[in-house]
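In this document, chain identifiers A, B, C and D correspond to the written order of the chains, with residue numbering beginning at 1 in each.
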Amino acid sequence: MIELSTLTYLFMAMTGVVSLVATYLAILESNLIKAVVLSAIQSTTYVILFYLLMAPDIALVYIPVSVGLYPAAVLFLIKKTERTENDSNEVVASED
Amino acid sequence: MNSELYLSVVFWVIPIYLTAFALYSVRAVKGPTIPDSVLAIDSMSYDLAAFITILSILFHSPILIAVAMVLALWVFALDIYVAKYLESREMGE
Amino acid sequence: MVEELINEILMAAGTLMIVVGAIADLTGSIGLLRFPNFFVRLHAATVGTIWGAFVPLIGAALFAAGYVELGTHRWFVTGGAAVTALLILLLGPVGSHALARASYRSKAAIPYPLIHDALKEKFREGGKE
Amino acid sequence: MVRRMNELNTFLFNILLFSLFFNVGISLYGIFARPSLIKKIIALTIFSDTANVLAIIVGYRGWPSPEQPPIPPVITSTEPTSEDLIRFINRAVDPLPQALVLTAIVIGLAVTLFLIFLTLQVYRLYGTTDVRRVARLRG
(Lines give C-alpha, C1' and ligand atoms only; values in the text may rest on other atoms or scores of the structure.)
Protein backbone atom coordinates (compact mmCIF):
# COMPACT_ATOMS: atom_id res chain seq x y z
CA MET A 1 0.00 0.00 0.00
CA ILE A 2 1.46 3.29 -1.10
CA GLU A 3 1.47 6.17 1.37
CA LEU A 4 1.14 9.93 1.18
CA SER A 5 4.73 10.48 2.35
CA THR A 6 6.13 8.28 -0.41
CA LEU A 7 4.13 10.16 -3.05
CA THR A 8 5.39 13.48 -1.68
CA TYR A 9 9.00 12.36 -1.80
CA LEU A 10 8.37 10.98 -5.32
CA PHE A 11 7.13 14.42 -6.36
CA MET A 12 10.28 15.99 -4.86
CA ALA A 13 12.51 13.58 -6.81
CA MET A 14 10.58 14.30 -10.04
CA THR A 15 11.00 18.05 -9.64
CA GLY A 16 14.70 17.57 -8.91
CA VAL A 17 15.25 15.55 -12.09
CA VAL A 18 13.23 18.01 -14.22
CA SER A 19 15.20 20.96 -12.81
CA LEU A 20 18.46 19.14 -13.58
CA VAL A 21 17.45 18.57 -17.22
CA ALA A 22 16.19 22.15 -17.60
CA THR A 23 19.38 23.63 -16.12
CA TYR A 24 21.61 21.49 -18.34
CA LEU A 25 19.73 22.49 -21.51
CA ALA A 26 19.55 26.15 -20.45
CA ILE A 27 23.31 26.38 -19.99
CA LEU A 28 24.13 24.61 -23.26
CA GLU A 29 21.49 26.38 -25.40
CA SER A 30 22.89 28.95 -27.85
CA ASN A 31 19.53 30.64 -28.52
CA LEU A 32 19.19 32.96 -25.55
CA ILE A 33 15.37 33.20 -25.56
CA LYS A 34 15.14 29.43 -25.30
CA ALA A 35 17.59 29.63 -22.40
CA VAL A 36 15.30 32.12 -20.60
CA VAL A 37 12.25 29.87 -21.13
CA LEU A 38 14.18 26.84 -19.87
CA SER A 39 15.25 28.77 -16.78
CA ALA A 40 11.55 29.58 -16.26
CA ILE A 41 10.90 25.79 -16.15
CA GLN A 42 13.65 25.51 -13.55
CA SER A 43 12.03 28.34 -11.51
CA THR A 44 8.66 26.55 -11.60
CA THR A 45 10.23 23.35 -10.27
CA TYR A 46 11.88 25.31 -7.47
CA VAL A 47 8.49 26.80 -6.57
CA ILE A 48 7.15 23.23 -6.17
CA LEU A 49 10.17 22.41 -4.02
CA PHE A 50 9.59 25.42 -1.75
CA TYR A 51 5.95 24.37 -1.41
CA LEU A 52 6.75 20.76 -0.59
CA LEU A 53 9.48 21.75 1.88
CA MET A 54 6.76 23.65 3.81
CA ALA A 55 8.02 27.18 3.15
CA PRO A 56 5.01 29.06 1.73
CA ASP A 57 6.47 32.48 2.61
CA ILE A 58 9.56 31.79 0.50
CA ALA A 59 7.34 30.58 -2.35
CA LEU A 60 5.26 33.76 -2.13
CA VAL A 61 8.40 35.89 -2.55
CA TYR A 62 10.09 33.61 -5.06
CA ILE A 63 7.24 33.43 -7.59
CA PRO A 64 7.05 37.17 -8.46
CA VAL A 65 10.84 37.52 -8.47
CA SER A 66 11.76 34.47 -10.47
CA VAL A 67 8.76 33.82 -12.73
CA GLY A 68 7.62 37.42 -13.14
CA LEU A 69 10.33 40.07 -12.89
CA TYR A 70 13.47 38.22 -13.83
CA PRO A 71 12.43 36.88 -17.31
CA ALA A 72 11.00 40.33 -18.11
CA ALA A 73 14.34 41.99 -17.32
CA VAL A 74 16.38 39.43 -19.26
CA LEU A 75 14.02 39.59 -22.27
CA PHE A 76 14.40 43.39 -22.21
CA LEU A 77 18.18 42.95 -22.23
CA ILE A 78 18.04 40.45 -25.10
CA LYS A 79 15.81 42.79 -27.10
CA LYS A 80 18.32 45.62 -26.66
CA THR A 81 21.42 43.51 -27.40
CA GLU A 82 22.08 40.34 -29.39
CA ARG A 83 19.93 37.24 -29.58
CA THR A 84 22.42 34.38 -29.93
CA GLU A 85 25.57 33.28 -28.21
CA ASN A 86 28.65 32.53 -30.33
CA ASP A 87 30.27 29.47 -28.84
CA SER A 88 33.13 28.93 -31.31
CA ASN A 89 36.56 30.48 -30.91
CA GLU A 90 37.08 30.73 -34.69
CA VAL A 91 34.55 33.55 -35.02
CA VAL A 92 36.40 35.69 -32.50
CA ALA A 93 39.86 34.76 -33.78
CA SER A 94 39.07 35.55 -37.42
CA GLU A 95 38.24 39.17 -36.64
CA ASP A 96 41.83 40.14 -35.87
CA MET B 1 -19.66 11.17 8.23
CA ASN B 2 -17.54 8.95 6.03
CA SER B 3 -14.97 11.58 5.06
CA GLU B 4 -12.33 8.81 5.04
CA LEU B 5 -13.86 7.40 1.85
CA TYR B 6 -13.75 10.72 0.04
CA LEU B 7 -10.22 11.39 1.26
CA SER B 8 -9.02 8.03 -0.05
CA VAL B 9 -10.63 8.74 -3.45
CA VAL B 10 -8.91 12.14 -3.56
CA PHE B 11 -5.66 10.45 -2.52
CA TRP B 12 -5.69 8.22 -5.61
CA VAL B 13 -5.94 11.33 -7.80
CA ILE B 14 -2.31 12.24 -6.96
CA PRO B 15 -0.57 9.66 -9.25
CA ILE B 16 -2.70 10.81 -12.22
CA TYR B 17 -1.56 14.38 -11.65
CA LEU B 18 2.08 13.30 -11.29
CA THR B 19 1.91 11.45 -14.64
CA ALA B 20 0.38 14.51 -16.27
CA PHE B 21 3.14 16.76 -14.87
CA ALA B 22 5.80 14.40 -16.24
CA LEU B 23 4.24 14.55 -19.73
CA TYR B 24 3.92 18.36 -19.58
CA SER B 25 7.57 18.60 -18.53
CA VAL B 26 8.66 16.47 -21.51
CA ARG B 27 6.85 18.82 -23.91
CA ALA B 28 8.16 21.93 -22.14
CA VAL B 29 11.77 20.74 -22.25
CA LYS B 30 11.88 19.39 -25.81
CA GLY B 31 9.39 21.77 -27.46
CA PRO B 32 10.69 22.47 -30.96
CA THR B 33 9.70 26.15 -30.96
CA ILE B 34 9.54 28.79 -28.20
CA PRO B 35 5.69 29.10 -28.08
CA ASP B 36 5.43 25.33 -27.51
CA SER B 37 7.57 25.54 -24.39
CA VAL B 38 5.74 28.59 -23.06
CA LEU B 39 2.35 26.96 -23.68
CA ALA B 40 3.46 23.82 -21.84
CA ILE B 41 4.75 25.87 -18.87
CA ASP B 42 1.48 27.80 -18.84
CA SER B 43 -0.77 24.72 -18.77
CA MET B 44 1.49 22.98 -16.27
CA SER B 45 1.39 25.91 -13.86
CA TYR B 46 -2.39 26.24 -13.97
CA ASP B 47 -2.72 22.53 -13.23
CA LEU B 48 -0.10 22.96 -10.54
CA ALA B 49 -2.28 25.58 -8.86
CA ALA B 50 -5.16 23.07 -8.75
CA PHE B 51 -2.84 20.34 -7.46
CA ILE B 52 -1.47 22.66 -4.75
CA THR B 53 -5.02 23.27 -3.53
CA ILE B 54 -5.78 19.54 -3.36
CA LEU B 55 -2.49 18.85 -1.56
CA SER B 56 -3.15 21.56 1.02
CA ILE B 57 -6.45 19.83 1.84
CA LEU B 58 -4.68 16.47 2.12
CA PHE B 59 -1.91 17.97 4.29
CA HIS B 60 -4.47 19.68 6.60
CA SER B 61 -2.55 22.97 6.24
CA PRO B 62 -4.88 25.72 4.97
CA ILE B 63 -2.11 28.35 5.00
CA LEU B 64 -0.48 26.70 1.97
CA ILE B 65 -3.34 27.75 -0.35
CA ALA B 66 -1.91 31.26 -0.87
CA VAL B 67 0.77 29.92 -3.22
CA ALA B 68 -1.87 28.90 -5.80
CA MET B 69 -3.28 32.39 -6.35
CA VAL B 70 0.13 34.01 -6.80
CA LEU B 71 1.30 31.26 -9.18
CA ALA B 72 -1.79 31.61 -11.38
CA LEU B 73 -1.29 35.37 -11.60
CA TRP B 74 2.40 35.54 -12.41
CA VAL B 75 2.62 32.73 -14.95
CA PHE B 76 0.14 34.75 -17.03
CA ALA B 77 2.70 37.59 -16.95
CA LEU B 78 5.34 35.24 -18.46
CA ASP B 79 2.93 34.52 -21.34
CA ILE B 80 2.41 38.18 -22.05
CA TYR B 81 6.15 38.97 -21.93
CA VAL B 82 7.05 36.30 -24.47
CA ALA B 83 4.09 37.20 -26.72
CA LYS B 84 5.09 40.88 -26.67
CA TYR B 85 8.68 39.97 -27.43
CA LEU B 86 7.75 37.81 -30.43
CA GLU B 87 5.37 40.42 -31.80
CA SER B 88 7.83 43.31 -31.45
CA ARG B 89 10.43 41.28 -33.33
CA GLU B 90 8.04 40.94 -36.26
CA MET B 91 7.17 44.64 -36.30
CA GLY B 92 10.83 45.62 -36.74
CA GLU B 93 11.54 46.49 -33.11
CA MET C 1 -28.53 16.25 11.02
CA VAL C 2 -29.36 18.42 8.04
CA GLU C 3 -25.94 20.03 8.33
CA GLU C 4 -24.19 16.67 8.14
CA LEU C 5 -26.21 15.79 5.05
CA ILE C 6 -25.23 19.06 3.39
CA ASN C 7 -21.55 18.46 4.22
CA GLU C 8 -21.81 14.95 2.78
CA ILE C 9 -23.32 16.23 -0.48
CA LEU C 10 -20.67 18.97 -0.76
CA MET C 11 -17.84 16.47 -0.27
CA ALA C 12 -19.30 14.02 -2.79
CA ALA C 13 -19.71 16.71 -5.43
CA GLY C 14 -16.20 18.01 -4.76
CA THR C 15 -14.67 14.53 -5.07
CA LEU C 16 -16.48 13.93 -8.35
CA MET C 17 -15.23 17.22 -9.80
CA ILE C 18 -11.66 16.56 -8.67
CA VAL C 19 -11.64 13.11 -10.30
CA VAL C 20 -13.09 14.51 -13.56
CA GLY C 21 -10.45 17.25 -13.53
CA ALA C 22 -7.61 14.78 -13.01
CA ILE C 23 -8.72 12.62 -15.95
CA ALA C 24 -9.10 15.70 -18.16
CA ASP C 25 -5.64 16.84 -17.08
CA LEU C 26 -4.09 13.53 -18.15
CA THR C 27 -5.95 13.76 -21.49
CA GLY C 28 -4.70 17.29 -22.08
CA SER C 29 -1.10 16.38 -21.31
CA ILE C 30 -1.18 13.39 -23.67
CA GLY C 31 -2.64 15.62 -26.38
CA LEU C 32 0.01 18.28 -25.79
CA LEU C 33 2.69 15.64 -26.19
CA ARG C 34 1.28 13.88 -29.26
CA PHE C 35 -0.18 16.59 -31.48
CA PRO C 36 1.87 17.64 -34.52
CA ASN C 37 2.26 21.43 -34.35
CA PHE C 38 1.70 24.44 -32.13
CA PHE C 39 -1.73 25.53 -33.40
CA VAL C 40 -3.17 22.03 -32.88
CA ARG C 41 -1.59 21.81 -29.44
CA LEU C 42 -3.58 24.87 -28.39
CA HIS C 43 -6.72 22.70 -28.31
CA ALA C 44 -5.12 20.23 -25.90
CA ALA C 45 -3.88 23.12 -23.77
CA THR C 46 -7.47 24.41 -23.54
CA VAL C 47 -8.64 21.02 -22.24
CA GLY C 48 -5.79 21.03 -19.73
CA THR C 49 -6.52 24.56 -18.54
CA ILE C 50 -10.29 24.77 -18.20
CA TRP C 51 -11.24 21.14 -17.52
CA GLY C 52 -7.98 20.33 -15.79
CA ALA C 53 -7.60 23.38 -13.54
CA PHE C 54 -10.90 25.25 -13.27
CA VAL C 55 -13.12 22.24 -12.52
CA PRO C 56 -10.91 20.64 -9.79
CA LEU C 57 -10.44 24.05 -8.15
CA ILE C 58 -14.22 24.48 -7.85
CA GLY C 59 -14.33 20.87 -6.63
CA ALA C 60 -11.65 21.59 -4.02
CA ALA C 61 -13.62 24.63 -2.86
CA LEU C 62 -16.77 22.51 -2.37
CA PHE C 63 -14.76 19.73 -0.72
CA ALA C 64 -13.13 22.10 1.76
CA ALA C 65 -16.48 23.72 2.56
CA GLY C 66 -17.84 20.36 3.65
CA TYR C 67 -14.71 18.97 5.32
CA VAL C 68 -15.25 19.80 9.00
CA GLU C 69 -11.92 18.39 10.27
CA LEU C 70 -10.02 21.34 8.77
CA GLY C 71 -11.54 23.64 11.40
CA THR C 72 -12.51 27.26 10.90
CA HIS C 73 -9.75 27.75 8.37
CA ARG C 74 -11.58 25.65 5.81
CA TRP C 75 -13.34 28.81 4.64
CA PHE C 76 -9.90 30.17 3.84
CA VAL C 77 -9.33 27.21 1.52
CA THR C 78 -12.77 27.68 -0.03
CA GLY C 79 -12.25 31.35 -0.76
CA GLY C 80 -8.73 30.91 -2.07
CA ALA C 81 -9.72 28.07 -4.38
CA ALA C 82 -12.71 30.03 -5.73
CA VAL C 83 -10.57 33.14 -6.38
CA THR C 84 -7.91 31.03 -8.13
CA ALA C 85 -10.58 29.36 -10.27
CA LEU C 86 -11.96 32.74 -11.36
CA LEU C 87 -8.44 33.99 -12.14
CA ILE C 88 -7.70 30.95 -14.28
CA LEU C 89 -11.05 31.26 -16.06
CA LEU C 90 -10.18 34.86 -16.97
CA LEU C 91 -6.44 34.68 -17.59
CA GLY C 92 -5.87 31.31 -19.25
CA PRO C 93 -7.70 31.97 -22.56
CA VAL C 94 -6.23 35.49 -22.73
CA GLY C 95 -2.68 34.18 -22.41
CA SER C 96 -3.20 31.39 -24.94
CA HIS C 97 -4.75 33.81 -27.43
CA ALA C 98 -1.93 36.35 -27.05
CA LEU C 99 0.64 33.61 -27.57
CA ALA C 100 -1.16 32.22 -30.65
CA ARG C 101 -1.52 35.68 -32.21
CA ALA C 102 2.12 36.56 -31.62
CA SER C 103 3.41 33.24 -32.93
CA TYR C 104 1.26 33.48 -36.08
CA ARG C 105 2.37 37.01 -36.87
CA SER C 106 6.05 36.54 -36.09
CA LYS C 107 6.11 33.13 -37.88
CA ALA C 108 7.74 31.54 -34.85
CA ALA C 109 5.57 28.42 -35.34
CA ILE C 110 4.82 27.25 -38.87
CA PRO C 111 1.63 25.15 -39.34
CA TYR C 112 3.02 22.53 -41.71
CA PRO C 113 0.04 20.32 -42.69
CA LEU C 114 -1.50 23.53 -44.07
CA ILE C 115 -4.33 23.23 -46.60
CA HIS C 116 -6.01 26.62 -46.57
CA ASP C 117 -4.92 29.80 -44.77
CA ALA C 118 -7.95 32.07 -44.57
CA LEU C 119 -6.28 34.57 -42.24
CA LYS C 120 -3.53 35.29 -44.75
CA GLU C 121 -6.07 36.03 -47.51
CA LYS C 122 -7.91 38.33 -45.17
CA PHE C 123 -4.71 40.21 -44.41
CA ARG C 124 -3.92 40.47 -48.11
CA GLU C 125 -7.36 41.89 -48.97
CA GLY C 126 -7.74 44.33 -46.13
CA GLY C 127 -4.12 45.41 -45.99
CA LYS C 128 -3.10 45.95 -42.40
CA GLU C 129 -5.24 44.12 -39.81
CA MET D 1 15.77 13.27 9.90
CA VAL D 2 16.82 10.18 7.96
CA ARG D 3 16.13 8.02 11.00
CA ARG D 4 12.36 8.52 10.70
CA MET D 5 12.02 7.74 7.01
CA ASN D 6 11.94 4.31 5.50
CA GLU D 7 14.42 3.35 2.81
CA LEU D 8 12.36 4.25 -0.27
CA ASN D 9 11.71 7.76 1.02
CA THR D 10 15.41 8.20 1.79
CA PHE D 11 16.31 7.06 -1.72
CA LEU D 12 13.86 9.52 -3.33
CA PHE D 13 15.12 12.36 -1.10
CA ASN D 14 18.71 11.55 -2.10
CA ILE D 15 17.75 11.84 -5.78
CA LEU D 16 16.58 15.39 -5.04
CA LEU D 17 19.79 16.23 -3.18
CA PHE D 18 22.06 14.86 -5.90
CA SER D 19 20.20 16.68 -8.65
CA LEU D 20 20.58 19.92 -6.70
CA PHE D 21 24.32 19.34 -6.34
CA PHE D 22 24.57 18.66 -10.07
CA ASN D 23 22.67 21.91 -10.62
CA VAL D 24 25.35 23.73 -8.61
CA GLY D 25 28.07 22.18 -10.76
CA ILE D 26 26.39 22.91 -14.09
CA SER D 27 25.63 26.52 -13.16
CA LEU D 28 29.23 27.08 -12.00
CA TYR D 29 30.37 25.79 -15.40
CA GLY D 30 27.97 28.28 -17.00
CA ILE D 31 29.34 31.17 -14.94
CA PHE D 32 33.00 30.43 -15.67
CA ALA D 33 33.10 28.90 -19.14
CA ARG D 34 30.32 30.38 -21.28
CA PRO D 35 31.34 33.45 -23.28
CA SER D 36 28.11 35.47 -23.35
CA LEU D 37 27.42 37.87 -20.49
CA ILE D 38 23.66 37.19 -20.66
CA LYS D 39 24.32 33.46 -20.25
CA LYS D 40 26.51 34.27 -17.25
CA ILE D 41 23.61 36.20 -15.66
CA ILE D 42 21.22 33.28 -16.22
CA ALA D 43 23.71 30.83 -14.72
CA LEU D 44 24.33 33.11 -11.72
CA THR D 45 20.59 33.26 -11.00
CA ILE D 46 20.30 29.46 -11.18
CA PHE D 47 23.28 29.16 -8.84
CA SER D 48 21.85 31.49 -6.19
CA ASP D 49 18.42 29.82 -6.37
CA THR D 50 19.99 26.40 -5.87
CA ALA D 51 21.90 27.69 -2.86
CA ASN D 52 18.61 28.98 -1.42
CA VAL D 53 16.90 25.60 -1.90
CA LEU D 54 19.81 23.86 -0.19
CA ALA D 55 19.50 26.27 2.75
CA ILE D 56 15.78 25.47 3.00
CA ILE D 57 16.50 21.72 2.93
CA VAL D 58 18.77 22.14 5.96
CA GLY D 59 15.75 23.31 7.99
CA TYR D 60 13.39 20.58 6.75
CA ARG D 61 12.34 17.73 8.98
CA GLY D 62 10.99 14.37 7.91
CA TRP D 63 7.44 13.20 8.33
CA PRO D 64 6.63 12.44 11.97
CA SER D 65 4.56 9.45 10.77
CA PRO D 66 3.41 8.37 7.27
CA GLU D 67 0.01 10.02 7.80
CA GLN D 68 1.14 13.22 9.53
CA PRO D 69 2.91 15.71 7.26
CA PRO D 70 5.09 18.45 8.76
CA ILE D 71 3.36 21.81 9.00
CA PRO D 72 4.64 25.24 7.93
CA PRO D 73 5.99 27.32 10.85
CA VAL D 74 2.79 29.33 11.28
CA ILE D 75 0.45 29.15 14.28
CA THR D 76 -3.00 29.54 12.73
CA SER D 77 -5.03 30.09 15.91
CA THR D 78 -5.55 33.52 17.40
CA GLU D 79 -5.41 32.31 21.01
CA PRO D 80 -2.94 29.41 20.99
CA THR D 81 -3.50 26.80 23.66
CA SER D 82 -0.88 24.39 24.94
CA GLU D 83 -2.07 21.69 22.49
CA ASP D 84 -1.38 24.06 19.60
CA LEU D 85 2.12 24.75 20.91
CA ILE D 86 2.86 21.04 21.40
CA ARG D 87 1.63 20.33 17.85
CA PHE D 88 3.81 23.16 16.58
CA ILE D 89 6.93 21.90 18.31
CA ASN D 90 6.37 18.31 17.26
CA ARG D 91 5.59 18.92 13.60
CA ALA D 92 6.70 22.36 12.35
CA VAL D 93 9.80 22.84 10.21
CA ASP D 94 12.62 25.19 11.29
CA PRO D 95 11.65 28.83 10.52
CA LEU D 96 15.15 30.33 10.81
CA PRO D 97 16.57 29.30 7.35
CA GLN D 98 13.36 30.58 5.75
CA ALA D 99 13.85 33.99 7.37
CA LEU D 100 17.43 34.09 6.07
CA VAL D 101 16.56 32.99 2.53
CA LEU D 102 13.80 35.61 2.28
CA THR D 103 16.45 38.35 2.45
CA ALA D 104 18.76 36.50 0.07
CA ILE D 105 16.09 36.28 -2.66
CA VAL D 106 15.31 40.00 -2.57
CA ILE D 107 18.97 41.04 -2.59
CA GLY D 108 19.59 38.57 -5.43
CA LEU D 109 16.92 40.36 -7.46
CA ALA D 110 18.63 43.71 -6.88
CA VAL D 111 22.04 42.34 -7.86
CA THR D 112 20.59 40.73 -10.99
CA LEU D 113 18.97 43.98 -12.11
CA PHE D 114 22.25 45.84 -11.53
CA LEU D 115 24.16 43.28 -13.62
CA ILE D 116 21.56 43.51 -16.39
CA PHE D 117 21.98 47.25 -16.75
CA LEU D 118 25.76 46.90 -16.51
CA THR D 119 25.61 44.46 -19.44
CA LEU D 120 23.43 46.90 -21.38
CA GLN D 121 26.06 49.61 -20.83
CA VAL D 122 28.84 47.25 -21.95
CA TYR D 123 26.89 46.59 -25.15
CA ARG D 124 26.44 50.30 -25.77
CA LEU D 125 30.15 51.01 -25.29
CA TYR D 126 31.72 48.04 -27.06
CA GLY D 127 29.00 46.76 -29.40
CA THR D 128 29.12 43.18 -28.15
CA THR D 129 28.31 41.05 -25.11
CA ASP D 130 30.98 38.42 -25.77
CA VAL D 131 33.63 38.62 -23.05
CA ARG D 132 36.40 37.47 -25.40
CA ARG D 133 35.75 40.37 -27.76
CA VAL D 134 35.39 42.81 -24.86
CA ALA D 135 38.75 41.66 -23.47
CA ARG D 136 40.37 42.14 -26.88
CA LEU D 137 39.26 45.76 -27.20
CA ARG D 138 42.27 47.37 -25.41
CA GLY D 139 41.30 46.04 -21.97
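Keep in mind that, in the parts below, a residue touches a chain if its C-beta (ideal position, glycine included) is under 8 Å from a C-beta of that chain, and two chains touch if they have at least 3 such contacts.
From a predicted model like this one, the values you see are computed outputs, not experimental measurements.
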| item | value |
| --- | --- |
| B-C compared against B-D, more contacting pairs | B-C |
| Relative to subunit A, chain with the most remote C-alpha centre | C |
| Where subunit A and subunit C are represented by their mean Cα positions, the distance between them in whole Å | 24 |
| Intercentroid distance (Cα basis), subunit C paired with subunit B, Å | 10 |
| Euclidean distance of C-alpha centroids - subunit B vs subunit D, Å | 20 |
| Chain centre separation (subunit A, subunit B; CA means) in Å | 15 |
| Interface hub residues of subunit C, defined as touching at least two other chains | 73 |
| Sites on subunit D at which at least two other chains make contact | 69, 71-72, 74, 76 |
| Multi-partner residues of subunit B (each touching 2 or more other chains) | 21, 34, 38, 60-64, 66, 82, 89 |
| Category of the chain touch graph - line, ring, star, complete, other | other |
| Touch list for subunit C against partner subunit B, complex | 4, 7-8, 11-12, 14-15, 18-19, 21-23, 25-26, 28-30, 32-33, 38, 41-42, 45, 48-49, 52-53, 56-57, 60, 63-64, 67-71, 73-74, 76-77, 80-81, 83-84, 87-88, 91-92, 94-96, 98-103, 105-109 |
| Contacting residues of subunit B [partner subunit A, same complex] | 11, 14-15, 18, 21-22, 25, 28-29, 34, 37-38, 41, 44-45, 48, 52, 55, 58, 61, 63-64, 66-67, 70-71, 74-75, 77-78, 81-82, 85, 88-89, 93 |
| Parts of subunit D lying in touch with subunit A, wherever the complex brings them together | 5, 8-9, 12-13, 15-20, 22-23, 26-27, 29-30, 34-36, 38-39, 41-43, 45-46, 49, 52-53, 56-57, 60, 63, 66-67, 69-74, 92-93, 98, 101-102, 105-106, 108-109, 112-113, 116, 119-120, 123, 128-130, 132-133, 136 |
| Residues of subunit B defined as touching subunit C within the complex | 1-3, 6, 9-10, 13, 16-17, 19-21, 23-24, 26-27, 33-36, 38-40, 42-43, 46-47, 49-50, 53-54, 56-57, 60, 62-63, 65-66, 68-69, 72-73, 76, 79-80, 82-84, 86-87, 89-90 |
| In the complex, subunit B residues that touch subunit D | 59-64 |
